[in-house]
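We just call them A, B, C and D in the order they show up, numbering each chain from 1.
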Amino acid sequence: MAGNTFGAVFKVTTWGESHGTALGAVIDGCPPGLELTAEMIQQELEKRRPGKGGATSPRSEPDQVQIMSGTFKPEGCRCEKTTGTPISLVIFNKDAHSKSYSHLQDVFRPGHGDLTYQAKYGIRDHRGGGRASARETAARVAAGAVAKQLLSQYNMSVQAYTVALGGINTVKRELSQVADNRLFCPDNEAAERMEARVKEVRRQGDTVGGIVEIRASCLPGLGEPVFDKLDGELARALMSIGAVKGVEIGAGFGAAAMLGSENNDPISPSGFLGNNSGGILAGISNGEDLVVRVAVKPIPSIHKEQQSVNLQNEPVEIKVGGRHDISAIPRIIPVCEAMVRLTLADHLLRQLALQENRQPK
Amino acid sequence: MAGNTFGAVFKVTTWGESHGTALGAVIDGCPPGLELTAEMIQQELEKRRPGKGGATSPRSEPDQVQIMSGTFKPEGCRCEKTTGTPISLVIFNKDAHSKSYSHLQDVFRPGHGDLTYQAKYGIRDHRGGGRASARETAARVAAGAVAKQLLSQYNMSVQAYTVALGGINTVKRELSQVADNRLFCPDNEAAERMEARVKEVRRQGDTVGGIVEIRASCLPGLGEPVFDKLDGELARALMSIGAVKGVEIGAGFGAAAMLGSENNDPISPSGFLGNNSGGILAGISNGEDLVVRVAVKPIPSIHKEQQSVNLQNEPVEIKVGGRHDISAIPRIIPVCEAMVRLTLADHLLRQLALQENRQPK
Amino acid sequence: MAGNTFGAVFKVTTWGESHGTALGAVIDGCPPGLELTAEMIQQELEKRRPGKGGATSPRSEPDQVQIMSGTFKPEGCRCEKTTGTPISLVIFNKDAHSKSYSHLQDVFRPGHGDLTYQAKYGIRDHRGGGRASARETAARVAAGAVAKQLLSQYNMSVQAYTVALGGINTVKRELSQVADNRLFCPDNEAAERMEARVKEVRRQGDTVGGIVEIRASCLPGLGEPVFDKLDGELARALMSIGAVKGVEIGAGFGAAAMLGSENNDPISPSGFLGNNSGGILAGISNGEDLVVRVAVKPIPSIHKEQQSVNLQNEPVEIKVGGRHDISAIPRIIPVCEAMVRLTLADHLLRQLALQENRQPK
Amino acid sequence: MAGNTFGAVFKVTTWGESHGTALGAVIDGCPPGLELTAEMIQQELEKRRPGKGGATSPRSEPDQVQIMSGTFKPEGCRCEKTTGTPISLVIFNKDAHSKSYSHLQDVFRPGHGDLTYQAKYGIRDHRGGGRASARETAARVAAGAVAKQLLSQYNMSVQAYTVALGGINTVKRELSQVADNRLFCPDNEAAERMEARVKEVRRQGDTVGGIVEIRASCLPGLGEPVFDKLDGELARALMSIGAVKGVEIGAGFGAAAMLGSENNDPISPSGFLGNNSGGILAGISNGEDLVVRVAVKPIPSIHKEQQSVNLQNEPVEIKVGGRHDISAIPRIIPVCEAMVRLTLADHLLRQLALQENRQPK
């Protein structure tokens, strides 16, 4: 049973390979009546496109999204609205240089999914990583933009930002500064040092990891015990992004060294007096901001010789060519936002149904 | 849409409240022909029962499991075998002291799910935490024992152990020592210091957190990109355990500060030369041991005055009575094993189907 | 992937074999706050119990249901209410005469699932048909009683009745007469002739089939195109009952011979002027009564010699012993009602979620 | 929770409206290594295209399918193969005359889903029926062609044909004659009379219904009791086609009037001696041919005045224009085949997984 669908009620199925004809997503379960245009989705996709310098790749895809179905402009409305039927989004690939991958057809790049895809499927589209390419996340971002429209109806919003990159940690968390720098970093000063670190590593032909924090305002009551708890669902959503190797909520791993009396957030009539819980208690949102951090591993495509094997399991030395980012940050930022949005949209609908059912007429 | 079912093919639905009549699990999708007796399940449940001292609670449940359906002893077989029909497991509650919770009927304990359950459902069984009680995990452990039987057919095994408790970290990872101490700690010396720390904290009326590591041998090819990747599924499975606030795979958060050249595991004809990946590449197991760590928060039930509110949102001071553990460790250990087993059993079946389909006859 | 769960939101998982320890159902997704007692469920189970004569079997099970979880009696409420957590229902088997089946251990009864269960699973509990026994439907009826509680909140009700038995058709459809006779027949006169026919056939050691019609009042808007349409879902639900070999909605097979101008139901401001559609248009309920009919095959357990094979595929002559009904009617009546209720409860929740989402606050 | 995905393992999600940009399907769960080209899919789509006369509509869509993802041509292979990743199929709409529907914007056509879509979603794309259009089935046929490739590996095949049209029944079932006439009728003589009947009805501005039978060769063991039985799944699959109002398996409604001794199929060492069961016992295929019949209602778009209401619930007289078929037959034939293929592909994979698991290595 394959796993290309996300969500139980707000269901998103993505498809597409890095060097195939197109990528896309089908959203089944989006409520009717939401305003939705291609421009709204395009905005989110722009955040994910490679920038002009810094840590990002020179492959330049326009990433123009088309809405193929699921919206309709009723007479007298200012723009298209969702109709409750499946929304199909397609992004055609334009700038695919498949040739630059032909020398990698028979070898397994360390840190990539080449070997595991071969082991699993017995066949693989090796061009640009095929389905395992980070390019796949374009479809997630497009779908996430639809979720954003839904969440905005309930005043729920999501923001991701960089809190560590290449071993440099932010000192401040000034969310107002996130838009100031190319790294989506809430600390302009730290951002400068991160940029310098990235340049240095690029010269060495190496890559760096980092940490992204995601903060979301969230209605209370979201999350479905005991297996589909909100924290577990967020963890799965974020860990499904290629580069992510760890997820923590609120105090996270820090809580492991705390006393109960330190870690418990006291409750007052005006709300919680602390947020070590990261906005989630017993797997259900408590109305405080959700706070999640993810560990992002360094991009495995480095310009250094590496030891590996080929399809015949013979030892080879390889040096990965192609156009690559130095770090998954900052392009992973909108992807993290998208995955959190998709998770929240799904659980919002799951909870709204419950509330509705609580008061039968 | 509620969330009490785990797994897509090896599907487990659990039910039951802390102070209800019984707890249980129904497993739908277990292959036929596996040997399975109540004794096999009981063995795993014993690991989860409160011990005689240390960090665990004085509530003493016999936790006798009954297999209600799904097995049959064919003539000439030495024991019952699964038949491919649903396996229903029931554990009756015996030692429930509901009375000791009546003073908590109208107040929300900090760090617990009282407030969020009320917000979500508008009604709750407050006795012992109801469905949000750690007692619920007995059903997970019972179901995990069935998964263990399946995994053993494929030589897959899972072991969890304590690597930090109350701020004390293990220095060694001698898996042979795990059975030597009550904390399932692979470092007997550290275990002693942990026990001392727990005693000290108990005197203070406080509780402690810790870190559990889980290691599993695993066939290559398990995990279903792009949303049901093995690491994401493990993260969700483990984060669905009440006390868990973070999950990391392999190098985990450590990878965030590494260079690509450090983090990539080189590949040789005899296997990977390193395991920073924790046995998972692109969401698919690579044949190396899976290595996962979870952050366990301190038990929120402390014997100290805490600030909170009641159902009428009035401020109250509460002191939680009842019988409680000082730490979720070590009783969380078999629960972590169970959740990893359930995840692997599910993905094993998903992958076996794929392999079978690869070679049509 | 096994198939013992019904419903996408109001999810019911049943378990249990005819001669095992118990049968049961777990309902995950029932909204909180519904009044629910064992007595309410017992009432429905009574309708399914063998009667004193007529077409039914002498096996006499008390079928006492226990609610193991998922309900709670808040202070000041007159009875238990659902809490939104899984509802576990258990019915212990009492009157199982497993011995009377031992001679059938190695042979395949014609018309039964013996051969197909063996082919599918490679192992089977042959006693009383094991999981394939009609006894399994007790769990469905119990779960259906919970659905009934939910539907009653929305003034939706379901009634099944016999319209043909042993070749005798009802002339009238006086629903007030359904309670008058043991066959749940809306035509007392026809019921008498049916009873006579059943007696006659019983003497011959044979069995008979019939047709059941189900009528339900239903809110408009239920059903989820394009694959989970209400008619398709009802068809699947009803066809999943052992003896059912055909399902038709509204005019059903009769529509095949009609002209469009005859079959179309005209619409007036006060509703539809006809119900050839059976209350469903384009897979969505239109507010008219749902009308569904199912073809019930004769019970395959006859007291006549039949030609078959054994496990070694050798020819055998068998005569089925044990205690059996002459017709699945009338005991199938409450089962049909249960399956329609479960279907409607599931789709009601699916639709309520949609309505809620249509008017974000 | 919306319902545009079909299948549990071989999962197909369709999208698209009659007059939108395109229609399509995403298949997630197709095993890797199957040969698959656009031509193979196109062949099936051709069967569904309107013919030059007879019962079909003059709207002429080329229905050219594109494979957007999920296939790859490995070096040395003669054609593309599936890779185990999602297969995205897109068919662009070309010949949409949306204008001819503008007068229907505010009125509900009898027998159509106009009223129920409005009731359910509160908004609808009225052009050509939107999502409720029979044009949606093009995506089903495309997906069914992929299922056909999978089934052929296991020597499983499916054939649908007309056994009644406009009140005229076939006398013979000569499957060799199915290809001889435009109505896919296994009785050339009956086909001629059906064509005459269709012409006559067309002149009257009316439409006709009919009955389609589907026959499939099938491995034993397919179907998942107790809720996902093969007969129930087939019923749901076929009933999800717009015009279908009834489904019966084997003897179907005929079984209702039979004795058990007549209806039971005796078993011999060389197989079943009869097929009243239609190839399914206890919800599991028995190795005999599957035989299913569906009742097809007359197309509701008639060229006669009909009584209805508008959005304001005022009475209106309407006469449906546009380009319409006289009968859903024969264009429904490949759709029936597609739905049966999708059902069998799904259950084949579900059963293969089980067989594999039965013999762990």
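Methods note: a residue touches a chain if its C-beta (ideal position, glycine included) is under 8 Å from a C-beta of that chain, and two chains touch if they have at least 3 such contacts.
In this text the structure is predicted, and so the values were computed from the model without any measurement.
Among the other chains, the CA centroid farthest from that of subunit C is the one of A. Between A-B and A-C, more C-beta contact pairs are found at A-B. Between the CA-based centres of subunit B and subunit C the separation comes to 38 Å, rounded to the whole angstrom. Distance from the subunit A centre to the subunit C centre is 45 Å, each centre being the mean of its Cα atoms. Put simply, the C-alpha centre of subunit A and that of subunit B have 27 angstrom between them. Residue positions 1-5, 8-9, 14, 32-33, 84-85, 120-122, 131, 225, 350, 353-354, 358 of subunit B are each in touch with at least two other chains.
Residues 1, 9, 31-33, 84-85, 150, 153-154, 225, 349-350, 352-358, 360-361 of subunit C are the ones touching subunit A in the complex. Looking at the complex, you find that subunit D touches subunit C at residues 1-6, 8-9, 14, 108, 110-113, 115-117, 119-122, 131-132, 136, 164, 166-167, 201, 206-211, 220-221, 223-229, 231-233, 235-240, 242, 244-269, 273, 277-278, 280-287, 295-302, 304, 306-309, 313-315, 350-351, 353-354, 358. Listed in rising order, the residues of subunit C touching subunit B in the complex are 1-5, 8-9, 11, 13-17, 20-24, 26, 28-29, 32-33, 66-70, 72, 74-75, 81, 83-88, 90, 105, 120-125, 130-131.
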